[in-house]
Amino acid sequence: MDIATLVGLILAIVGIIGGNVLEGGNPAALINLPGFMIVILGSLGATMISQPLDRMIGLPKTLISAFLGAKGHDEPATVDLFVTMADKARREGLLALEADVDKIHDEFTRKGVQLMIDGTDPELLRQIMEIDAESTKHRAEGGAQVLEFMGGIAPTIGVLGAVLGLMGVMTHLTEPEKIGPGIATAFVATFYGVFTANVLWLPLAKKLTNNMKHEQHSLNLVIEGLMSIQSGDNPRIVREKLEGFLAPGQRQSKKGDAEGAGAKEAA
Amino acid sequence: MDIATLVGLILAIVGIIGGNVLEGGNPAALINLPGFMIVILGSLGATMISQPLDRMIGLPKTLISAFLGAKGHDEPATVDLFVTMADKARREGLLALEADVDKIHDEFTRKGVQLMIDGTDPELLRQIMEIDAESTKHRAEGGAQVLEFMGGIAPTIGVLGAVLGLMGVMTHLTEPEKIGPGIATAFVATFYGVFTANVLWLPLAKKLTNNMKHEQHSLNLVIEGLMSIQSGDNPRIVREKLEGFLAPGQRQSKKGDAEGAGAKEAA
Amino acid sequence: MDIATLVGLILAIVGIIGGNVLEGGNPAALINLPGFMIVILGSLGATMISQPLDRMIGLPKTLISAFLGAKGHDEPATVDLFVTMADKARREGLLALEADVDKIHDEFTRKGVQLMIDGTDPELLRQIMEIDAESTKHRAEGGAQVLEFMGGIAPTIGVLGAVLGLMGVMTHLTEPEKIGPGIATAFVATFYGVFTANVLWLPLAKKLTNNMKHEQHSLNLVIEGLMSIQSGDNPRIVREKLEGFLAPGQRQSKKGDAEGAGAKEAA
Amino acid sequence: MDIATLVGLILAIVGIIGGNVLEGGNPAALINLPGFMIVILGSLGATMISQPLDRMIGLPKTLISAFLGAKGHDEPATVDLFVTMADKARREGLLALEADVDKIHDEFTRKGVQLMIDGTDPELLRQIMEIDAESTKHRAEGGAQVLEFMGGIAPTIGVLGAVLGLMGVMTHLTEPEKIGPGIATAFVATFYGVFTANVLWLPLAKKLTNNMKHEQHSLNLVIEGLMSIQSGDNPRIVREKLEGFLAPGQRQSKKGDAEGAGAKEAA
Amino acid sequence: MDIATLVGLILAIVGIIGGNVLEGGNPAALINLPGFMIVILGSLGATMISQPLDRMIGLPKTLISAFLGAKGHDEPATVDLFVTMADKARREGLLALEADVDKIHDEFTRKGVQLMIDGTDPELLRQIMEIDAESTKHRAEGGAQVLEFMGGIAPTIGVLGAVLGLMGVMTHLTEPEKIGPGIATAFVATFYGVFTANVLWLPLAKKLTNNMKHEQHSLNLVIEGLMSIQSGDNPRIVREKLEGFLAPGQRQSKKGDAEGAGAKEAA
């Protein structure tokens, strides 16, 4: 559960609506069916034109995943897993890893380890894993693209709503008392367009892109780990290499030198 | 038939025009010949300046293809085809595929398989297929570029129309009753510019780009499949490799392990 | 002669000025010397600051080339030329091509063929030709960049003109009858900025970029053709490879299989 | 301590607020709680939606590091260090560097030298160091991205505040004396949005990006130095190569030719 | 001396100020201290936040270099130099070039030739020269980036000034005779922001980028020339290769075939 998405949304709404109330605005003025129809249906429709049908159908799922957060990858644990496997592989051979395959929860890692045990050629193994990672990225980008397009188009659809509203106002220009409220109504469409784009679609698209990048980072760690074990690197080198993927605070090699030294001797 | 394009277009029109009617607007006010001439002819003309003649002539065809959807590539079926061919090639040799070439419907795949049977060098085969894929991409991007340019230019041509309209209004500033309707007319040009750009040209350009990317994805699958068969990979590896291109739900290797195991034994 | 540029320009002017006349506007109001000085001299001056002197001097030539169209490359004929040369080279050796060099009209192709006959090392030949192609691209991009910069800057210079105009108007705010026409004059600068940018500079820059890409496509075809002959590919492979550069409708290998088969036998 | 950040901030505030005071403005009018809530909470909330939680928590630290400046890398000293090590390594062997490892303050350099002494394969050493440098870059980009997103979104949130404010004004349009101050209040939100984006978030994001690029430049120097020593380059070549990373004024090889000549003889 | 920068600046000022005078504007209205403080100090301060201190200190030097033009590289002469050196090197050996090193004025070329004579490994020589060229590019981009950032930020700081000015106006809305001049003053800030960005900072940044690209083109010519001589290419090939970097009109090989033929014989 990615609490930042929810907290951020609440914070933004409290700030914007709260600030409006504080300056004497009436939030009820923000509820306006014609504006809603123009901006929400309009930008949804335009986005639907731009995207394959299955991505539009997957939109609710995409939104939920933006709130639930990135698929959990415990990177330090993955590093430990690869160091342990490297150790075992050097002592007992790659086939000895067969017993541990079922204990690997992450599907991508399991697939890679299985292929490695089956004696797949290193270059081929890298290719297979990279095609898979690339495909995952491709799908994740698709979801982000829907929201990005909607975020790019919503403010201009809001302007469209404002123009339509102002056109209505202009025909009553000789009746000054009708102008003010009319313009207010016209502004609601602008509000909807700017609000949905900048508080919903664009931040959510960015979150999905950030999650995707984070996942790719983890997948690269797995691929490098597989390559390292397969080329027979000693466990200390595997750790040294893979910990490059971790934040400095997550690295173990500095703290516990004992294990590193032990691995060194074993080599 | 890509139903999303049509449904999206209807949704956007219902939302925008419907919302306008709901707030008391008169859709007839949106019909305005001078605004139409300025925005549509103006942006069409500017786009024609920017593009080679044959792309402009191909514009109606481009628009139709955006509504009809991407050239159908049944990717799971393509994977099955390559696994079957890999199996046959390992048992009976590459020449045995000669009999099946005519059954391949997709022209790109057929060309590749024919070249492979003819004993084309792998590096050369990859080159020929990539040049072809690149050329397909180049043409598809051309079509999308026309719409993208039109989408980029239409709103500013709309502004041009508004400026011209307002200049007319300004010369009558001492006759207040003429101002309102005059401004309304001037706004129609803005409406045309923003509407055509954001509801038609840009979403359609994006759809074409998405279709193009999808097709390139399929062409890459075919190229990797050819390379894999030619390098003598066993059918299980071919499936493992190519299924990386599929969405997880479309993959067979997890569901039916029997076939995979059978292929493994055969190897 | 690239008729699209001229037709597009006429279409855009007819649409924009025609639409203005139709709604009762007076095109004479668009002739305004101060606005012209501010926008045209201003954006020309700013562009001159940004560019090397020789590019500014070459600007009229650049504009003419945007109207005259891309340097003609008859790509199907180039493919035929390379297939014929490949055939001759395989029968009689590379030196036999010496007799045909002078018949090649395109300078780039002729240089490449001459170097090939001289026995230049393939890697070196590719390098020389790529440096030349890159240099051609570099010069073409320079021309497009001048127009692109001018197109990017013209609307804001137009805004500058409007601001200056409105500042004049504001000092007469207590004389309402002077406001309207004053604002109209101020708007002319906006019109000049938006019109020149979106109907002239940006579309013409795009045309030059499109022409440049088209030419690079042709140069790549020539380079691949040279490489293919030099590596001794048989004529059928040369055709197969180079036709990847052509649009499907221009390809010969599907239509006349007889020649392809003959070439195959010859191989 | 990067004094430019602080001096720049003071300069900008003095210019903007001072200019306002000079033209008779009242800076107190810029203090407005509703506007502050809308813009600051609104853009902070939207940014929080877009980012992983740990980056938001790290935001204060990120801001401080933008003021304190880039992690100090004394590049000429690093070059000297590598030249000295190259000299020692050629005379006494790589293992002789063991004694100096602890004197290296920079953690990245120390890790690389230690791995080199341990006899890590050059290709592997490069890989490990590049993964580490890439990871550092990845984290630094994360911090810059938070500020960049906030800078991109703040002005539109300011517009949102202005729209909300103007909607309030419009409902009082028949009471002219309430319009002016109301609009002023509405403008404060625009001010907050444009000011925070252009004077705080975007410049600070750029500073972080510049610091990151500078650090990557230093890390590349270290990697090239390690590679150069490991491949047994003589000290003069090491200096020649690494001084390419320095600004011309920092280079030693031109000034003191004596040392260079000495190193040459030693080689 | 790059006369285009100065002429462009004069042209832009004559156009903009002249146009303003022609339509009855008073250029004195453009002199406004508060507006100047807000826009110039504001955008300078914001830029200083975004950049390392040494780049800000180098700003005057950067501006001067934009007016003085690119560091002169006489590319045809450089080609001649390399052809002559290639000829000498083939006749008398690389060491014979020692006598000519001091006659080479360009420091980059001299460094490269010296390293070549010293017998530096070709791959290493390329690396050293590319690191140096990359470093030169890095520094030049730094200077351009300062101006680019300032150009990006100045118009919005101008808007900030306008907002502050209009806020002052709004508090006097019931005194109509104060509105007009007040708005005029507020507009000056917009003028400063748009003018400095589009007539000064952005064009000058572009000029620096163009100069940098031109210099990189020359440095690449030198690197290719060194590689070509070191790999023992005959002088005709060296000319053929390096003239690819020249504009067609600067090439010698077409005009004077005599020398080319002579070189051919010598080979």
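Order of writing sets the chain letters: A, B, C, D and E. Residues in each chain are counted from 1.
We adopt the following convention: a residue touches a chain if its C-beta (ideal position, glycine included) is under 8 Å from a C-beta of that chain, and two chains touch if they have at least 3 such contacts.
Values in this document were obtained by computation on a predicted structure and should not be read as measured data.
Asks: Hey, what chains does subunit B share as contacts with subunit C?
Replies: Chains in contact with subunit B as well as subunit C: not a single one.
Asks: Steps needed, at minimum, to get from subunit A to subunit D via touching chains?
Replies: The least step count works out to 1.
Asks: Give the chains in contact with both subunit C and subunit D, ordered by label.
Replies: E
Asks: Through what angle, between 0 and 180°, must subunit A be rotated so its C-alpha atoms fit those of subunit E, rounded to a multiple of 5?
Replies: About 145 degrees, rounded to the nearest 5.
Asks: With centres defined as the mean C-alpha position, give me the subunit C-subunit E separation in Å.
Replies: The answer is 24 Å.
Asks: Measure off the straight-line distance from the CA centroid of subunit B to the CA centroid of subunit D, and report it in whole Å.
Replies: About 39 Å separates the centre of subunit B from that of subunit D.
Asks: Listing for subunit D: what residues touch at least two other chains?
Replies: In subunit D, no residue touches at least two other chains, as defined above.
Asks: Among line, ring, star, complete and other, which one matches the pattern of chain touches?
Replies: Topology of the interface graph: a ring, with each chain touching two neighbours.
Asks: Name the chains in ring order, counting from subunit C in the direction that reaches subunit E next.
Replies: Following the ring from subunit C in the direction of subunit E gives C, E, D, A, B.
Asks: Which residues of subunit D touch subunit A in the complex?
Replies: Residues in contact with subunit A: 33-42, 44-53, 56, 115, 118, 120, 124, 127-128, 131-132, 134-135, 138-139, 145, 149, 153, 156-157, 159-161, 163-168, 170-174, 185.
Asks: Which bits of subunit D are touching subunit E when the two form their complex?
Replies: For this pair, the touching residues of subunit D are 2-5, 7-16, 18-20, 22-25, 29, 70, 155, 176-177, 179-181, 183-184, 187-188, 190-191, 194-195, 197-200, 202-204, 206-207, 210-211, 214, 217, 224, 233, 237, 240-241, 244-247.
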